[in-house]
Amino acid sequence: MDLTYTPEEEEFRARLRTWLAGVLPTLPPKPSPHDWPARRAYDLGWQRMLYDAGYAGLHWPVDAGGRGATPTQHLIYLEETEKAGAPYVGANFVGLLHAGPTVASEGSAEQRARWLPPVLRGEEVWCQGFSEPDAGSDLAALRTRAWRDGDDYVVSGSKIWTSHAEVADWCELLVRTAPGARKHRGITWLAMPMDAPGITVRPLRTLAGSTEFAEVFLDEVRVPAANRVGAENDGWRVTMVTLSYERGTAFVGEVVACRRVLSEVAREARKNGRWDDAALRRRLGGLNAEFRALWRLTQWNVSEAQGTGGVPGVGGSVFKLAYSHARQELFDAAAEVLGPDALDLGREWTLDRLSSLSYTIAAGTSQIQRNIVAERILGLPRGR
Amino acid sequence: MDLTYTPEEEEFRARLRTWLAGVLPTLPPKPSPHDWPARRAYDLGWQRMLYDAGYAGLHWPVDAGGRGATPTQHLIYLEETEKAGAPYVGANFVGLLHAGPTVASEGSAEQRARWLPPVLRGEEVWCQGFSEPDAGSDLAALRTRAWRDGDDYVVSGSKIWTSHAEVADWCELLVRTAPGARKHRGITWLAMPMDAPGITVRPLRTLAGSTEFAEVFLDEVRVPAANRVGAENDGWRVTMVTLSYERGTAFVGEVVACRRVLSEVAREARKNGRWDDAALRRRLGGLNAEFRALWRLTQWNVSEAQGTGGVPGVGGSVFKLAYSHARQELFDAAAEVLGPDALDLGREWTLDRLSSLSYTIAAGTSQIQRNIVAERILGLPRGR
Amino acid sequence: MDFRLTDDQRALRRGVRALLEGRFGREALRAALDRADGEGAAGGRERADGRLRGDGRVLDRGLWRELGAAGFFALRLPEGGGGAGQGLPEAVLAFEEAGRVLLPGPLIATHLAAGAVAGAATGEAVVTSADGGLVEWLDEADVVLGDVTGAEPLAPLDPLTPVHRLPGAGAARTPDGLLVSLLSAAEQLGSAARTCEIAAQHARTREQFGRPVGAFQAVQHLCADMLVRVETARAAVYAASVTADPADVAAARLLADEAAVRGARDCLQVHGGMGFTWESDVHLHLKRAWTRTHRAGGATRSEEELAEDLVSGAV
Amino acid sequence: MDFRLTDDQRALRRGVRALLEGRFGREALRAALDRADGEGAAGGRERADGRLRGDGRVLDRGLWRELGAAGFFALRLPEGGGGAGQGLPEAVLAFEEAGRVLLPGPLIATHLAAGAVAGAATGEAVVTSADGGLVEWLDEADVVLGDVTGAEPLAPLDPLTPVHRLPGAGAARTPDGLLVSLLSAAEQLGSAARTCEIAAQHARTREQFGRPVGAFQAVQHLCADMLVRVETARAAVYAASVTADPADVAAARLLADEAAVRGARDCLQVHGGMGFTWESDVHLHLKRAWTRTHRAGGATRSEEELAEDLVSGAV
């Protein structure tokens, strides 16, 4: 149980801090959240700065152009960038954290050479075409069809919950290539160029009023067969492989941010007098316990990942269950502290409260996570 | 929405109060909880007093020897006896509230004549032989066998969670008479004399340390076929019919008692200083809301039963879910108020806290109640 | 005692439901939302940072007058005085229906002003009232009760409930706080009942993993707990409408607030991603429910009143 | 950073587990229970009203000395001074194992007295200590630390933790409250992990409605939430053992208390009626877990400390 960082880790942290302190003041002003091209440019610009400083693809293998950092270094990177207020990964999310690792792991030499460097250099944006209106929790029920026609696949169907679709160059797309096959078979992974004819992107407004997501409609879109990663009908496995890149770090920045928010909420309560309410005060104390523990659980998962070679296993479900609940509790408590201002969408915490509602749904509902924990960790019989 | 009682109902209440005020001081001292014969005598004595005063079998039909009272009168009866601190139904529970109504509803003229009057007069005690070690929630999985031998059934098996077995004259017993039949078929209802050879009663100690229950082992016990109520293999239906006697009143006394306890807990908190803890104080306020609502829900269910002719339907599941939870919360809050004394088994609330743990399990777990609510009220598909 | 609804009460409920279904069905709701939202769905990007667009008139004055004509506001005024001569139980039934369909506007303030403020009873006037630190619908009200000096507009969480914050008002109790609590609880009850229905409906029809999601016990149990909260709150709200006892009202509002807020959240959970879109109505129930919890001093005051009740009076 | 257990720590845990399984398996637990209970199961009727029967000696002094010999009490004393030279992390691992098997006795007080009170380190002496308004094992202790004047025996909720109440002591903090909190949290963690295992084991094997109850999603989810609480508490407890930071310790005790209490309750629920018998061990976990929550000022103090931490220091 060693929670001290090695001299190498401390040096990595110190260098990163120094670099951040120098570079962050030089950043251009943040673009409006509604200006997608400006957001793309901003996010790619930040990625380019990371690339030039040697931080791009920190957790990618060296042979994929990455830095081959340890999970602990990745944790430090995410902790420090969050604490310094550095830009979020933004438009580079899918490229750096999902499609890129998939290509790095399962792509051919040509595919790696074509797709990976532009992601690292901040030149190309990827989006994700996985979920469908009728395939949410049950992703493998996806129905978007693709059939072979000469050197192309022809794709028809629709995707939902696609971030950055408006400004993406590529979409990592899951399609059904063998309609008769059992669910998880018959799925194929394709890299679809977003400028191909037949693609319609429609912004999808969420309950928070924002349009972070889009629906993507595909009408006989031609995708070269050369853009297929992995074998035909083997796309489910190809996609799952990518998870091994995550190594327990998925929520590092968020936990750091939540702890900062919690402290701000407490200070706000002191300022506006709600601190005198012992029930509310102790509730904030309890949340302090939760988020301290979540930070330690992150360190635990990262240590496990570092020790076992990278695959995080189902510990991620345990973390996600606890974290998504704690995050919702945090913004409920913030609303208590705000009092009438909790009805003000102009307050950041009010919007955060709304968006926190998705945490028990997106990327596997809490119900599904509990099934995973029960069946795969506790060995209970398959639920029915 | 009429919450005022009719003049007849008020008169019924007034007469009952007067009678209780006169008779309760004449009761003998309460027996030790460990002296079963004395408890039997005490409970039967109280039943005899009720009988003599015309309150025995208040909710039974007149043709079964009862008073044919309305559900509202029954509610008033239960409310007033609880408030006055009258004895609990005790050893007469199964006879008055389950076996008796079953015989009244499904028994032959001879059976009614034989078994009902002694229950009403406080002369005979019944116990219930339904649950088995491997048939708890899944009662219909019961395995106690009975086979016909001349004019008798011969019964072997074991029952569990049988109250008052040590001092009962009769046991209403569910047995399997058609082993091959589907679960709910092939069950038969028998009245078993508890002095028959082959019956062994073993006290079953609960986590609260008490022995309110027993296990009953049956080794080729002979039960006359004349003691069968309803047809052979029709016992499941026979048993379920009885529920129509309950008419929403099952927890009247308990809700009244919980409201009194809650008030006592609040006064104790005022006395020992815990009242200054706003979180605890407001928690008690919230429980006040819960129990006020549970009382109104009782009145609602009773009114429904009165209006529709007596079958309470699945509203009982809604009530039981809310009540069992609220009761556990009540005694958790009481423990908070008690502080270190919450570790003292000599405090009544500590024992009550322990026994309240059974409320989400006994008579249909909360999980099963939720299935019932979801499937039968909300019309969701059968769970799997 | 017969706690069930009388035939007249059932008829009144049917009537209000029919009126609201006819005049404020889903299309009318979404149209009001688009008005509140400035330019409708396409204006979403602007909406996100809280600016109201358009002329700011969201209330349908025609509907308001129809409500007046139907007696919604004058319900409790004596029959001789242009009212329907009904009591609080009937008002609660009407407001429950309003909560079901998310009917917008300062319904409670206008109802309470009927007979005292000209035009309120007939729906000619829209009346609002300061309540603690907030006032709803200030910009669209014809008559404003209470001191709203220094009111500042918020970007309202519930797009169909514009609110202003009042400076330093704290949580001063309005004289009719009891009735505000009760009628607000009735709205919460209606909303809670509705989200329970919506969740069950979705669970019966939405398929995942080859079966309706309602066949999963986890979904069943979410829905069952929603119903338990609804029915418990219903008993409390109806009883409080009969007794008008302050502790009964406090209990009703606590349980109805909880049934509405948790019901909407669980409904969202049952819906999964589909409930997370602006197109779904579920979030409107949640935002309105959250908004109503701030009325009349909120849960904290109710809990304190109920605590005090435990040690002060007879049970 | 490598938060995982070292090989030595794993070996220590294995060693303690083997020792306790050998010397305090289920039979020993039930035997201790029967001793505490006076006349064993047959004495249950007397036990119900709280009287202790028998000679009142429940602790197995032989086992206590074996614990001493194995270094349980001297674990953190320097190697030169007869100890094992280990730190708080190792102590936490040992106390977690003690919590798993419901090992009775004033383990924490004796451990903390090692090196200061003669015989404590070796298990020759049983040491207890006043803690706020309570003192555990007063009648069987050889050495009592703190003022226990006027101590009154309670009929103990946990049959294997006799307690006395101290008059007017309120919740005065003992000087080593931090370590009491931490080691108590470790015991809670062990208990929580154990009840999660017991529940899962029962769910895998107990059949109802023609299938293992663990195939029902409702049971699966109860068990999953138990594990989530265990693993969250584990991270907090282990981290607190490394940092010994007061806020970390407060967090650890809060989460471990909750994991233990709710774990035992959920375990009971999963067991249905079978868990409700005296013969089941589940209730012993619940009663012990409840008892431990009273140590070192309880949850309220920990929450207040953690609230203060939010506004006082750096996060």
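Order of writing sets the labels: A, B, C and D. Residues in every chain begin at 1.
The rule is short, and it goes like this: a residue touches a chain if its C-beta (ideal position, glycine included) is under 8 Å from a C-beta of that chain, and two chains touch if they have at least 3 such contacts.
Every value quoted in this text rests on a predicted model; they were computed, and no experiment measured them.
A count of contacting C-beta pairs for A-B and for A-D identifies A-D as the more extensively joined pair. Averaging Cα atoms per chain gives one point for each, and the point farthest from that of chain B is the centre of A.
The distance from the centre of chain C to the centre of chain D, with each centre set as the mean of the Cα atoms, comes to 49 Å.
Distance between chain A and chain B, defined via averaged C-alpha coordinates, is recorded as 54 Å. Separating the CA-averaged centres of chain A and chain D is a span of 40 Å. If you average the CA atoms of chain B and of chain D, the two centres end up 37 Å from each other. Residue positions of chain B with contacts to 2 or more other chains are 277, 282, 367, 370, 383-384.
The set of chain C residues touching two or more other chains comprises 216-219, 221, 300. Taken as a graph of touching chains, this assembly is complete, with every chain in contact with every other.
Residues 33-34, 131, 133-134, 136-138, 141, 160-161, 203-211, 277, 335, 339-346, 350, 354, 357-358, 360-362, 365-367, 370, 383 of chain A are the ones that touch chain C when the two sit in their complex. Of all residues in chain B, only 1-6, 9, 72, 259-260, 262-263, 266-267, 270, 275, 281-286, 288-290, 292-294, 296-297, 299-300, 302-304, 306-307, 315, 318, 321-322, 367, 369-371, 373-375, 377-384 touch chain C in the complex they form. Those residues of chain D that touch chain B in the shared complex are 41, 44-50, 132-134, 154-158, 163, 165, 207-210, 216-219, 265, 268-269, 272-280, 282-283, 286, 290-291, 294, 300.
Partner chain C is touched in their complex by these residues of chain D: 216-218, 221.
Residues of chain C touching chain B in their complex: 1-6, 9, 89, 196, 200, 203-204, 211-212, 214-217, 219-221, 223-225, 227-228, 231-236, 238-239, 241-243, 247-248, 250-252, 254-255, 300, 302-311, 315.
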